[in-house]
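Note that chain A is present in both complexes that follow, paired respectively with chain B and with chain C.
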Partner chain A sequence: MRLLLWWAGRALSSAVTLLGISVLIFAALRLMPGGFAETILGPFATPEQKAELAVRYGLDQSVFAQYGHWMAAVGTGDFGTSMISGQPVAAELWARLPVTAQLTLLAVAAAVLAGVPLGVLTALRARPGGGGVAGRLLSGLGVSVPEFALGSLVVFVVSRYGLQTSGYLLPAAVLSIFAISATARTTRDAVLNVLVEPHVTAAVARGETPWFIVRHHILRNAAGPVLTLTATITAYLLGGALIVEYLFNLPGIGSYVVQAVGRRDYAVVQAGVLLAATVFIVMNVLIDLLVGLVDPRLGRRA
Partner chain B sequence: MSALLEVDGLEVDYGTARALDGADLRVAAGEAVGVVGESGSGKSTLGAAIGRLLPRQAVVTAGTVRVAGEPVLDLPPAALRRLRGQRLGFVFQDPIASLDPTMRVGNQLKLVLRAQGREGREGRDGHDSGGGRGGRGGGINADVAFHLGRVKLDDPRVATAYPHQLSGGMAQRVAIALAMAASPELLVADEPTASLDSQVREEVLNVVFSLAREEGTSIVWLSHDLPAVARRCDRVAVMYAGRVVESGPATEVLGNPVHPYTAALARSAPAAATPGVRLEPVPGRPPVLTGPSAGCAFAPRCPFAEDRCTTERPEPVRVGTQDVLCHRAAELEVIA
Partner chain C sequence: MRYRLAGSVAALALATSACGGGTAAAPPGTAATGSTAAPGFLAVADDKLPAGGALNVAVHIDSGAATGLDPQLADVATSWQLMSLVYETLVTVGPDFTPQPRLAESWENPTPTTYVFHLRKGVAFSNGREMTADDVVGSLKRLLAAKSVWRGQLGPVEKVAKVDAATVKVTLAKPYTPFLAALANVPAAILPMKEIEAKTLDPAKEMLGTGPFKVQAHRQDVSWNFARNEHYWDKGKPAADSLTVTIAPEEAARVAAVQNGSSALAALGNVDSAAMLAGAANVKVATQATTDFYYLMLNSKNPKFADPRVRQALNMALDRKQMAEVALGGQGKPTGVTPAGLPGACDPATLPSATGGGAAKAKELLAQAGVANLSFTLSIYSTEPAPAVAQVIQQNLQQAGVAVKIEQMDEASWSGKVYGKVPATFDAALSWFAGYADPGMVTTWWNPDVAGFNVGFMQADKDLNKLIAAATETPSGAERDKALAAVCAKVDTDAQMIPLVTRPATVAYRADAVSPSLYATEGYGNLLRLVADARVKKG
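Take a look at the complex of A and B:
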């Protein structure tokens, strides 16, 4: 019963969040300077041509009516058609999902496989006061260097020296620099927090080896924040790694949405944003469930 | 007789603060020794040093710790782990926090028993070191039930509970079961009952002491409660400002204290009070040392202090049955 209530609450709050996001993105698009008609017809179009186009796409109606139509359609699972290509948006997004999904999978796998061990190692080697400066500097750099800077650099180097690379490797590498750094840092902090807990001292006092203690008493205890971060990164990338996809010219969801923004392809942008938001919300619910499973103290509360 | 535990002249600093200022302690096999002192007297540091469990910022500047002849502070990591796993057991203040919050009690016990099963082969003289598997069939679950039963936790629900679902007293008994699973030679208990209410306190202490007697395990019990310690322990060591100022048979130390600090402590204990007679708190505050004490650290609070007490460090003298760190011990004994 309590579980049912919990789910109902989660579903309701998720719906409210999505509704708010739909309003925001709808309003933001209409508020952008320049409209669909100007983009399509160019600067020399006559007012009559513009008006005709507006009627064809329903843009002559009030903003509220447009929003109402859109919501009603979304309610039936219809995300509209791209005003540029004339194809259903849902199908177009679906077709681009594999690209984004592969990119996400590669980057997240790298983040977990490299970031978690790095974080555990740096935490175990950490000394009070000095030390670990190099590690902190590197992870700080990794977290703070923007994707467009690193991505542009990589694109430049590769094209300048004519290196041959296969599809997803480079963009995934650029994305995983951030993901690895953030994961390593979060893991390190989480492990450091667990290391000072009395139950770890008790394990040391029982003569357990460091590896045994890490495996049995630390990883699970430190998993909460790391899981949360990993899921957040996954959701963020699944919603479209906008800049990186665009830079490397990958036909994923991110570059599709970026393009659509430029062309004022309202239906596509709206659907893309809703998709990203939904992925985020679903991911967050999954995290809560997972963290509750890993740490029974938190599970009780949920 | 060679002692099981020998701590000699141990000095430990935390940054600029001095926690131990030349502490000495002897514990014989099978003996229960209470280490008594106020907060900040260094008893917890002494307890941690026995297993080399000092926090990272602690620096040992002098002294030795020997357990069964092994130099604890100089052992290589593997030998240190073996010593901790086979000869030493520790019980800490906060029972619930000293259990892994993500693991059911039974699984924690299994983990410890399995680890011992592996180490057991190189263990000591066949003394039931194989995770307690000697003669009891029924596999690991039976072993878990056996070890929980030893600490009077017979309810089968305990094994499947998480630590946060237990009461403090139950959690501390689980911690005792974990520490005693390897049948250690020496159990160090750092105020194991500080966070428990008085009814549960007695039960937990009964469990510790009866289990230790059964196994022939020596106990070092760190506490601030002199009368309680004196009731259960064979010997008592009183700590003040990082040194053991008086040690001897429990009844003697409580009944005929020689060191002025021990005497003051005994007078200030509520349990020892005669009804109608006002309790006498020890005047003044314990010092915070930043280096070796020049003389006797208790001198500023001591009604018997004379000039050399502030300038000359007292060396242990034997008075009756007690070892005492006091320049005037012999005279004071006569006064008493």
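Take a look at the complex of A and C:
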């Protein structure tokens, strides 16, 4: 019963959050300077042409009516039609999802496979009163170097030597620099916090092997923040790695939505933002469940 | 990602470069060292190379408009470029901007208001159906009835009639010298009217023309795949079997594509890209001169600029040479309203603003107008090199004691601010026009009653309108040059929309992958104009 209530609560709060986001993005788009008509039809368009376009896409109605129609359509899985391509937005998002998903998968895999061991290692090697300066500097650099700077450099240098930049490995590598650094830092901090717990001292006193202690006592207890971060990175990237998709010219969801913002292609932006928000919320729910499984104390708290 | 819808029909920012591996861009309109290009060309395809192969090019933006793929409604050069692969016009323009035969094999001009076109035999659409005089008549009539920007450029067409199966006659209400140049652009393309009238083809959704290529696949904002039109009348063309146009909005992606060879040719928008490509193996970079030009809009419906003396003072303080040198890397040219580079264009160095006395005289004029401490906001979009041009304007006007605040915004916001309200609420704005292929054509946009987009910030001037009309009616020659010079001078003193400098285009290509043909100067922003000639070099 408690579990059912928990699920109902999460579902309700997720629905309210999504509704709030839908209102925000809908209002924000219409409050942005620059009308769709001047952008899509160009400056030479006559008032009649602008009016025709508005009627065709229901933009002549009140904003409340427009919002109502949008929500009703979204409820049936219809995300509208792009004013630029005339194609259904859902189909285009679906076609671009594999690009974004592969990028995300590679970057997150790198973050977990490299970031977690690095974090554990640096925490275990940390000495009281200092040390690990180089590691902290590197991870700090990785977190703070902007994607556009790193990506531009990689694209230019790699292509200069005649190598292809069109696959997923390079863009995923650029994305993973931040993800690995953030994961390593979070893992290190979480492990350091666990290392001072009495149960770890007790395990050492019992003569358990270092690997057993790490696996059974440290990693499970340190997993909470690392899992939360991984989920956040995954959700963020699934929403579209805008800059990297642009730099590497990958037709993913991020570049689709960014171009649509520039053209005030309302249906595309609304659908893209709603999709990103949904992914974020679903990932958060999943991570709550996963954290509860890994660390039952946190699960009970949730 | 700047895609200038532009008040004008923007053109694509292209760049071309010729010559040896990774050379920096040559001055616009000239072939780089070592090029064997003929006069008027940056590069000429080597026809000794075997035909065939797949050609890949990269451009920065797709054709994307609410009007779809209908060429008659296309008002941006980026769309014209893509559509020109499929559609053709009765005439085209040569490297010197003279009209050349295309679907019309020849024409006569028996009276100043009559054009008789003799259609080329053996022309077929890519579905195999032969093009007829009915297609030509139907296409032109459809354009005349369409809500098309190009309708305003076509002139006073009174009647279009079929004379016989291979002859079409167009009658004008009065002489209109730019008529053939206007016919040479994509909106005047010949459409398959039989299919359109039978409603078996919607030209807004599907392209079907007589051109060298036919569409195989298109994914919006991602790529176009074209295949050879097997029915193409110009035998031996296109040289390539297929053409892929990749849409890469980010300049770095296009630079990378040409560096690593995934694209044989790429259009570039930033004047600095040539420097980035310097030293790249097998990459040639060239600058193509265009007739496109930047212009400064002073909102004369704003009290700050209602007095012509204030506008003239600002015009006088502008240093166009500095704009060309500093903001455009020496690749632009000062221009009057008749685009520099077109035959018959006026000399900007002789205009009142150029000979008026510069910043010192500007200060005097402002004082005469009773204006002290003038300051205003210049609205620009963020795509390079517009911000660099704006900075030169800011510095120039500072010399005349005028403070300029530059307001940089995305294109949609800029369009809303400049075109969205009548009367407009902005102070000043910067944009660029495509300059087209006849010096009289773009002057039409200085008549707000015809242009429409500038009614919110520009006062119509009857005298200027008369001069513009006279220049379009006068036959080419010394008299017309005089008439065009008069338009230039009037626009210069009117100073509501102030022409500044031409906008160069840059192209990079792999010398080991393609042998392209490129005009030295382009009027309709069409980097792919001669792509049917390009020879693919096979590994």
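Going forward, the second predicted complex is superposed on the first by the 299 of 302 C-alpha atoms of A that agree within 3 Å, B and C clash if a C-alpha of one lies under 4 Å from a C-alpha of the other, contacts with A are read in each partner's own complex, and residues count from 1 in each chain.
What we mean here is this: a contact is a pair of C-beta atoms (placed from the backbone, for glycine too) under 8 Å apart; a residue touches a chain by one contact, two chains touch by 3 or more.
Since the model is a prediction, treat every value here as computed from it, not as a measurement.
J.: Do chain B and chain C fit side by side on chain A after the overlay, or clash?
T.: fit
J.: Quick one: classify A:259 as touching chain B (first), chain C (second), both or neither.
T.: second
J.: Which chain makes contact with more of the residues of chain A, chain B or else chain C?
T.: More residues of chain A are touched by C.
J.: Touching A:32 in the superposition: chain B (first), chain C (second), both, neither?
T.: In the superposition, A:32 touches chain C alone.
J.: Could you look at A:248 and tell me whether it touches chain B, chain C, both or neither (first, second, both, neither)?
T.: It touches chain C, and chain B stays clear.
J.: One more residue to check, A:88. First (chain B), second (chain C), both or neither?
T.: Neither partner.
J.: Considering only touches as defined above, state whether A:221 meets chain B (first), chain C (second), both or neither.
T.: first
J.: Tell me which partner A:205 touches in the superposition: chain B (first), chain C (second), both or neither.
T.: In the superposition, A:205 touches chain B alone.
J.: Touching A:292, do we find chain B (first), chain C (second), both, or neither?
T.: In the superposition, A:292 contacts neither chain B nor chain C.
J.: Could you work out the angle between chain B and chain C as seen from chain A, using CA centres and rounding to the nearest 10 degrees?
T.: 150
J.: For the combined overlay, can you note the least CA distance between chain B and chain C, rounded to whole Å?
T.: 49
J.: Can you give me the overlap between the chain B contact set and the chain C contact set on chain A?
T.: none
J.: Touching residues of chain A toward chain C in the complex: what are they?
T.: 32-35, 38-44, 46, 48-49, 53, 82-87, 92, 95, 151-152, 155-156, 158-160, 162-166, 246-249, 251, 255-256, 259, 262-264
J.: Which stretch or stretches of chain A touch chain B in the complex?
T.: Residues in contact with chain B: 127-128, 197-199, 201-209, 212, 216-217, 220-221, 294-297, 300.
J.: With touch defined as at the start, can you tell me which chain C residues reach chain A in the complex?
T.: Residue positions touching the partner: 1, 5-9, 64-68, 75-76, 147, 149, 205, 219-222, 246, 248-250, 252-253, 255-257, 259-262, 276, 280-281, 409-420, 451-453.
J.: Report the residues of chain B in contact with chain A in the complex, numbered from low to high.
T.: Those residues of chain B that touch chain A are 51, 53, 56-57, 80-86, 88-90, 92, 94, 97-103, 111-112, 115, 119, 162, 164, 175, 178-179, 182.
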